[in-house]
Amino acid sequence: MSNAEIRVAVLGAGGRMGSEAVKAVQAAEDMELVAALRRGDSLDRITEAGATHVVDLTVPDSTEENVRFAVQHGLHAVVGTTGWDGERLQRLEQELAQQPEVGVLIAPNFALGSVLASAFAATAARYFESAEIVELHHPNKVDAPSGTAVRTAELMAASRREHGVAPSPDATEKQIEGARGAVVEDIHVHAVRLRGLVAHQEVLLGSAGEQLTIRHDSFDRASFMPGVLLGLRTVGSRPGLTHGLDGYLDLGF
Amino acid sequence: MSNAEIRVAVLGAGGRMGSEAVKAVQAAEDMELVAALRRGDSLDRITEAGATHVVDLTVPDSTEENVRFAVQHGLHAVVGTTGWDGERLQRLEQELAQQPEVGVLIAPNFALGSVLASAFAATAARYFESAEIVELHHPNKVDAPSGTAVRTAELMAASRREHGVAPSPDATEKQIEGARGAVVEDIHVHAVRLRGLVAHQEVLLGSAGEQLTIRHDSFDRASFMPGVLLGLRTVGSRPGLTHGLDGYLDLGF
Amino acid sequence: MSNAEIRVAVLGAGGRMGSEAVKAVQAAEDMELVAALRRGDSLDRITEAGATHVVDLTVPDSTEENVRFAVQHGLHAVVGTTGWDGERLQRLEQELAQQPEVGVLIAPNFALGSVLASAFAATAARYFESAEIVELHHPNKVDAPSGTAVRTAELMAASRREHGVAPSPDATEKQIEGARGAVVEDIHVHAVRLRGLVAHQEVLLGSAGEQLTIRHDSFDRASFMPGVLLGLRTVGSRPGLTHGLDGYLDLGF
Amino acid sequence: MSNAEIRVAVLGAGGRMGSEAVKAVQAAEDMELVAALRRGDSLDRITEAGATHVVDLTVPDSTEENVRFAVQHGLHAVVGTTGWDGERLQRLEQELAQQPEVGVLIAPNFALGSVLASAFAATAARYFESAEIVELHHPNKVDAPSGTAVRTAELMAASRREHGVAPSPDATEKQIEGARGAVVEDIHVHAVRLRGLVAHQEVLLGSAGEQLTIRHDSFDRASFMPGVLLGLRTVGSRPGLTHGLDGYLDLGF
């Protein structure tokens, strides 16, 4: 395995996502795990270990410095940490301009199924008269609807607006408060909280005589790992900054 | 067929439900349709035709007079018309006391599947930590949630309260208004409106590691007819007033 | 409405699909129904009425002659009739070569949701470890699985093969005959037959920790009309032969 | 907690189910865990610890001896181990005849949702024209369909037979082998195997115009613990042998 072309350093290896990534990289036949850094470890260990790729699954406070280090040393980076606002992204683009062969993927969501479901929902939304979303999560979640559901609704609404699709028909005159859900840019979004569940989303599209349903179930953090590995395998051939794993998926038909 | 024991007069035969009932009775091998009355027809036609049973699918204004006529003439009645408030029911009970062999069924819902789904939901609700309802209807519906969903929630809540089950856990701190649905006696109820749908209801029950879902789909008015026929076949052996088709279902295990 | 640019002749107007098409064209604001032909009517009525577009919803025996007539007279054609084998298609291509501005769409399926569901399934299949199909239909259907399910399985299998995806894992050693369904090119396909249903299909994709489900429900023939109208609106700008409505859908992301 | 009336000894505490039971009993406010025995531990530890109840989650080879020990010492027993054939049950009944106050529950399934789903399916099956089952499991399962699905089908078929319900209609003339699933006493059962899943079952019931679906999802072994606790809380008041957790559920309406 020492000749693997993808030599990976995992940053944030002590966290929940990071420790899964360590296992996933170790299990991948075409990769070698050369370093696993925890909070406080020196970044120099990355280069000393001869890494070619970095996976950053740390915290918003340190992710920018980690990625800059990788880019400056010519390493490709796959980033799952949040906190990349406009300013940070701009600085990163400037760094990348100096290293035209380096690729960076920043992805808010590594679950392939979730990324595909959002893309399909956005594509299909303009072809149906009605569109709503039901998301279902464990009852410890503090926000409703989920961030993923809000983003999916925004993508669907934008596509419908752009193609002149009228808002979903709705004759409701009398409702118990909240019955019709939250309204995110004309898309009604319903949030179910149920013990036993993890993270689930159902996009419902309807026209006269037919319904299309796109559902994604996330049962376990393990679902993020195929996306992380796909990122690692692809990032080296995609110089510059890519935002969202869908940029690496082959969604043309 | 002239020896059928169940000789049926359909009242309201010109309406949507009534015309379905006419067809259903004609197709039933153990029944004979002896009269089909429309608005304005004299009730005497019922007795002249030798009916033993009456199906009332008329309007709130005339249903009481129709049923009283049936009871006074010793005929069993299956009633799907709404508008039976406490006063009317009391007067009916008094009539029935004079005719101890006559049975009357007043049922707000003849869809067997829907009646079963409500009964199962009420039974199961106390065994799970979390309970919510999602109902889905065509977009021309004016009220949300549906009356059936509200009644189901009330039945579930009553059973949970009676057995000391705590409210469903919910850590929501931050929500877009309406995201968590309408709250009907501690049960969250979500109403989806989608072109292409008719009338659907999903009861979701969850505990650590498991989920039970009870879903009923009503695609067509035809779904009410098996319940009407079951009512006609049973009402003759159940003297007095029965409220709700579940009174005729064998739900003991 | 006499200035509508899309002046439509419906062929097969006496059939079930044709009569729906007549209503759909009449209801469309940007179209005018100029002729509705039934079996035996002369095709000359199409040109006499000044049609610019033809919808062919007839029978395999007459569809080729109908479409040839349209092409030769410079009219665009949307075709839902089956029976277009390789030879017929070849002859049609030759006709079209003589009329470089004419467009013809031959579509085996006009339900937008069904076409989208198949396309999404084919796209997603290569990203998951496991893939199966459950199709559900009314119990009068004579073949199992449905043609749509077989075609969807073939598309999914082809994509998985092309990208080197291993067959879905399956440790089954002991089964009651038929339990694991029909095997269509490595994809297991299960056919449910249930009174009350029309035509439904569920594509199930799974990897460690996640599931993606793409479900299409067809409740009514009305579901084909948006696809017919989309065909009519698009065919004039797509010269030559297009096979499958997906050729007109914007599926790039 | 030392005054808890339910003083529990868990047998098989080193196994997967047993270790979950240890945690569940410890977390229950009305119980006390007084002993946790592993393979090879002396049964005397149960009585020395002052247990009032025993949970047996061991192996077929030792379960009979364990339960006999409990009964002979006047302790109530909740048993999840398999292997209780007719002979063993008969010997157990004889033991119990000597100890008229002792209760024993032998349950093949402790997931409340699953037990309820089976009971509801059996109750509802006779009211619908069509009935089928789809079960879905992880791909490491060796048998298809699952034992639970076979038992559910048998219960449903028995109820339909008893009430003279005709077999589900099915016009299939031409099928790819296996498409219509396994046939268990006239009920078609389909087995899906998908990475990411655990254990799921969907009972589909249909009549003209309506569908009733009863679905149970088992995501995690944790789902068995509420049933084990319910068993422990109830077994003391139900002398003699009870087979199946449904005997303790309040399923009358």
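Each chain carries a letter (A, B, C and D) given by its place in the written order, and its residues are counted from 1.
Operating definition for what follows: a contact is a pair of C-beta atoms (placed from the backbone, for glycine too) under 8 Å apart; a residue touches a chain by one contact, two chains touch by 3 or more.
These numbers come from a predicted model, not from an experiment.
Of the two chain pairs examined here, A-B and B-D, the one linked by more C-beta pairs in contact is A-B. Taking each chain's centre as the mean of its CA atoms, A is the chain most distant from chain B.
Chain centres here are Cα means. That of chain B falls 33 Å from that of chain D. Chain B has its Cα centroid 46 Å from the Cα centroid of chain A.
Contacts with at least two other chains are made by residues 128, 196, 205, 207-211, 217, 219-220, 223 of chain B.
In the complex of the two chains, the chain C residues touching chain D come out as 128-130, 132, 134, 136, 139-145, 150, 168-184, 188-197, 204-211.
Across the interface of their complex, chain C is touched by residues 196, 198, 217, 219-220, 223 of chain B. Interface residues of chain C facing chain A in the complex, by the touch rule stated above, are 111-114, 116-117, 119-120, 122-124, 127-128, 205, 207-226, 246, 249-253.
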